[in-house]
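Next, two complexes with chain A in common: one pairs it with chain B, the other with chain C.
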Partner chain A sequence: MERIDTYPTHSFEGYKLRFGRPSPFGATVVPGGINFSIFSRNATYCVLVLFEKGAKKPFVEIPFRGMFEKVGTREPVWSDFRIGNVWTITVFDIDYESVEYAFRMDGPGGKAQRGAPAYHRFDPTTFLLDPYAKAIGGRDVWGKQPDWSEPYQHRGRIIYDDFDWESSTRPEIPMEDLVIYEMHVRGFTRDPSSGVRHPGTFSAIREKIPYLKSLGVNCVELMPIYEFDEFENSRLNEETGELLMNYWGYSTIGFFAPKAGFAATGKSGDGTMVADELKSLVKELHDNGIEVMLDVVFNHTAEGNEHGSTISFRGIDNSTYYILTPDGYYYNFSGTGNTLNCNNPIVRSMVLDALRYWAAEYHIDGFRFDLAAILGRDQWGAPMANPPLLEALAYDPILGKCKLIAEAWDAGGLYQVGSFPAYGRWAEWNGKYRDGMRKFLKGEPGTVGDIAQRVQGSPDLYLARGTTASINFITCHDGFTLMDLVSYDGKHNEANGENNNDGGNDNDSWNGGAEGPTDNPEIRALRRRQIKNAVTIMMASQGVPMILMGDEFGHSQSGNNNAYCHDTPLSWLDWAQAETNEDLVRFFSNRIAFRHEHPALRRREHPTNRDIVGSGYADISWHGTRAWNADWSPFSRTLAFLLCGKHAVRRGGSDDYIYVAMNTHWEDHEFELPGLPDSRQWRVSANTAMPSPEDCFDPGAEPLAANQSSFLVGARSVVVLVGR
Partner chain B sequence: MAFEASLEMTEGGIAKVTLVGELDGSNAADFRTTVEEAASKNCKRLVLMLGGLDYIASAGIRVLVFARQKMGGGVEIFAISPTPQVNETIEMTGMHYSLRVLPEYDAAVVETF
Partner chain C sequence: MEITITSLSDVQHVLLTGDVDGKSAPEVLEAVLPLITPQAKLLLDLGGVAYMSSAGLRMLLSTFRQVGMQNAKLVLTGVAEEIRDTMSITGFLHHFTICDSVEAAQAALA
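On to the complex of A and B.
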């Protein structure tokens, strides 16, 4: 049966149409044509503008209100294709592949001058991008200079939403089992050393799936892939001549469209194909047991402040989409010019619609929310106790199995690590894990108490929420890479063209004795050891570990801790290092395999520090150079912990005993080993003081420790033993 | 550029469809009709001769998916001598898992059951 309302009733300049359907918003392929639907509470007039793909001038502009002709009789008729605050129309006989669409809107307030505050920013001469556009043209090929004379820069496209997922299923990996790999889609393979056919694209990641599998990660977190403009605020570095771009892309143009410039198929100008390429990547990652998380930016948009440009939201309903001061200035809690009004019910619905769309149509497994504290601010910017958006996301039926991860702070001073409204769902990037671990690793005194919390999954922060609320990381895209963390005392951001004033100063980094590259073999060895120490502790910590791409082979950004603007080898992974630093890759993959092997490391609940199964051992016990006697004094730089394998209750109640000894002191220390029950013996899983390949051993092939009663832990080294 | 899809059935039950021109949303329905015709003749193999196909849009990819579904698991689908551009599109959209791409027509492969 076909619907009985799929025929045109009206015509306008020869184009046949009818009153559309208000849901869903956006442009939707329907029998016979395309349905358009757009919200504006304040617009008084709206026009649908249709272009041939890439054309500067539209081929038709269809008003949503005015004089039309009746189909058949050609009788003039006044019509208003609007219901409530939604303008909707179905246009027949247009080919979804070959058109691009925009809206023009007018409303109260008159034209706002650039730079001047305004409550409304209607301008009927501006072509507006649909906030629900599922594909966006105009930046189809990364880095291709835009035609700035083009009045419509970011062009709404229509896609066919189907995809044949065949029998592919979502992995739905339990949160505690995840090992997350944070990556930039372009930087991951853009360098020719990647050896892929289409460097820097979604399709290229597919070629690297065997690498990801051998490394052992089971979740990739993609830095922003929503359409953004790499030319936003682009500028030449006068000293180097480098074109500085918006490389990271934390500046959304459309929340429903994948970045065309990240697709090898982008050059086709076919939005459906771009979507297919990304879906095809997700499918193959899933088929290989790897989840896909998106880093999503809902705290602000690319439209900037009063001085910014009108692309979409501002010209559609400025006062709905943005948090404004009473004078009509943009609040700037994001540090980037504007703040999306996330707890306005309209905007909240849009955010929900977008996430549901990505979960349902792209099979995305989870989301990391950039500056998520903003999502908990009310329409006037004040933090709320019970933010409706965060609650709605947590209880959403379609997002019911998605991982939700907050970057629990914003640029307006709201810092919610440990207190982000969680509703039993939300996890957080644990900034305190990063900071504490960095201080401990470089040997700062007074840190062992803090580290004891961190390796337990930060019960001081998340006791009621469990270990999986804590995303443990030491490095991420924002800040030093791991190699730079151990190679530089200070940031070196001169290449960013801001006199080294940008980027954080609280890096807690240590260069080991020389700033930057050095030939000193001792310093070089120390740095490698520090890298191994970091990953060893992280993989042995309760909570969810996250690795920054390239850290596993020592990727350096030459000390730049804010590489957002470099589309150069500074940011691109150099895959030759995967071979020259093969020992690091091997070590990372060994530690990840170790984590996967041992359920005792992946508890869902925090350790209780008590024996609750009658094994004679607490689930976690604390040790030092003397067994059962941790040194908690202020100048202590040694700490060891023992996980009792019989407490891995949820996973069948048996695992090896795991002992981790950490010595961040500059001298060797002999650690007395706690005794093992039954006839178990200590075996060496990892010892970062040893050169490769004696630095780690495959699970199941760990050699017996020569001395079962004590172990010499080298200066600034970590040792992991398994007792079985 | 015009698009043509022509069907030729061999005695061995091989449906050979030759595609010429540019396959996009405006003509994907013609290709779909040809696939349906081949399916109705209970072919054992579907062989797409792509040497003369200059371009394939997402609408064309969708007909390939449709063909895969329509033919069922027992019918192998071959894509013969696609141009580099078409081959790239097939790969990047993941279609190369659903059909077998051969650089040229190889009777030993295509006609051996």
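On to the complex of A and C.
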């Protein structure tokens, strides 16, 4: 039986309509037409605007209230297509593929002047983008100069969400088993050296899946892929003439739409095709055992402060979507002009709807929330003890198996590493892991006690939450690359055109003896060793490791620690380095394989520092140059730990014993080795003091240590032994 | 959109000329579906198609699914390089047998 509500009841200028369905919000393909639904608490008038794709002028504007004709009798009738605060209408016989849509709204307050504060910012002459638009046109091809005379810049499109996933399943990899690879979609393959068919796109990542597999990562975390405007605040660098862009994209235009300019199919102007391309990437990653996490920006939008432009939310319901001062200025906890009003019930629902949509329609496995501390602020900006949004996300049924990761701080001074409201679900980017590890690696005194916490999964921060609350990282997109961390004492952001004033100054970096590139072979060798030290310790730490793309082959940004604006080889990976620095790639992939091999490194609970299985060894024990005697003194730069293999189950038996000796001193030290039980012997898994290929050995092929009672750990080196 | 259907012995040859988009895809599907009977052999010739939108790709997949349900056979030919590339990028390509010529397609259907 056909539903009887699939027929129009009204018409307007020849377009057939009926009262729509309020749920779901947005534009939805329904039998016979498109259903439109949009919320505004304060709007007094609303018009649906339809364009032919790319047209400057609409072909029809349909008011949600006014005089219409009855279908059949053509009798005039007054109608109000609104329920509560939702305007909704179904329009029949329009081709979803060839139209773009907008809204115009009017409401109280009069027209706010640009730059002036205002509680409401209604302007009935502005075309407004639907906050629920599933595809957004206007920036279809990355970097193509927009037509600025176009009154409707970011254009709502309608798509079909009917991708055929076949039998593809979500990997649902246990959190403790993840090795995350943080990636910028464009920068990963944009450089011609990537050798892919469509550089800089979703589809290009698909071509690189064999590489990701050989590296051994099992989760890619994509930097923002929600539609953003790469031309936002774009400008020419006065010295170099380079066009500086919003390359990173931490500035959302629509929370439901993928960035069309990241799709090889973006040029088609076909939103469904762009969605298909991204879904196809997710499907193939899943089929290869790799999860997909999105870096999502819900703390602010691209609309800026009172000087910014009205794209969507401001003109729909400014006071609902943003945290405003009593005078009508935008609070700026994000450091970017405005703050999304995340704990307003309407906005909270929108965030939840968006995440559910990405999880359900795109099969996304997890989310990393940019400046997530903002998500815990109330409608007046104050931090809350029990933020409803964070609780709702933690308990949501559709997000029930998604990983939730917080960047647990914001630009308003709220720092919640270790104290982010977790509800048993939330993990955190562990900023203290990064800072502590950097200090230790460069040989700062007074760091071994801190490092002991970090390699155990930071029980000082997450004891009640387990090791998987800690995302361990030493580098991420924000700050130095790993190569730059060991090559520069200070940042070099001159190319950003802000007199090197932007970017952090607390880098805890060390250049090893010369600033930047050098021919000095000793310094070069030291830098490679430091890189290997970093990844060796990270892969041997409890918690969830995250690598920045390109660190595995020494990608450098020439000392720039804030490369958000460079769509140039400065940011793009140079794949030739994967060959010239093949030893680094090999070392990374070896250390990742080592981690996957040993469950003792991937515990869910923190080590107890006690023997709870009767092996005679504590699950973790601490050592130094003398076995069983760690040097915790302020000037100690040596530390070793032993993981007892009998505290972990591997393939029905026990794991190997694992001994990690770290020497960040500038002199060699002989480490006395703790004795092994049974007839186990020490074998060498990694020794960063050795040149490649003796720097690491495949799991199962580790050679016996020549001396079973002590091991010489070179200056600024890390040694990993396995006992079996 | 021009749809030309001819019988090449037991093979139904459907030649499409024009773009397959949101407007024409339903027309094509309407013309093709009656041809999909049990054991039918269908040769969809895109030789005259320069552009295919996401609705066009969906038309292909719907046809493929119907063919599967009827235990029929489907082969594509005349697929422009750009369309083949789009099918690959969007995850549609692997469903289909694509032949470079009508003769090869007939052989594949035999």
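Brief remarks on what is shown
Criterion: the second predicted complex is superposed on the first by the 719 of 724 C-alpha atoms of A that agree within 3 Å, B and C clash if a C-alpha of one lies under 4 Å from a C-alpha of the other, contacts with A are read in each partner's own complex, and residues count from 1 in each chain.
As a working rule, contacts are C-beta pairs under 8 Å (C-beta built on N, C-alpha and C of every residue); 3 or more make two chains touch, one makes a residue touch a chain.
These numbers come from a predicted model, not from an experiment.
Aligning the two structures on chain A places chain B and chain C in a clash. Touch criterion met: A:Glu277 reaches chain B and chain C at once. Legend: residue contacts after superposition of the two complexes on their common chain; A:Ser268 is shown touching both chain B and chain C.
Contacts of A:Ser98 after superposition on the shared chain: both chain B and chain C are touched. Once the two complexes are laid over each other on the shared chain, residue contacts for A:Asp508 go to neither chain B nor chain C.
Using the contact criterion defined above for the overlaid structures, shared-chain residue A:His198 touches chain B and also reaches chain C. On chain A, the patch touched by chain B and the patch touched by chain C overlap at residues 95-98, 159-160, 162, 164, 198, 203, 264-265, 268, 270, 272-273, 276-277, 279-280, 283-284.
In the complex of the two chains, the chain A residues touching chain B come out as 95-98, 159-160, 162, 164, 198, 203, 263-265, 268, 270, 272-273, 276-277, 279-280, 283-284. Residue ranges of chain B in contact with chain A, taken from their complex: 24-26, 57-59, 61-62, 65, 68-69, 88-89, 91-94, 98.
Chain contact summary for the complex, chain A toward chain C: residues 95-98, 159-160, 162-164, 197-198, 203, 264-265, 268, 270-273, 276-277, 279-280, 283-284.
Per the touch definition, chain C reaches chain A in the complex via residues 21-23, 53-55, 57-58, 61, 85-86, 88-92.
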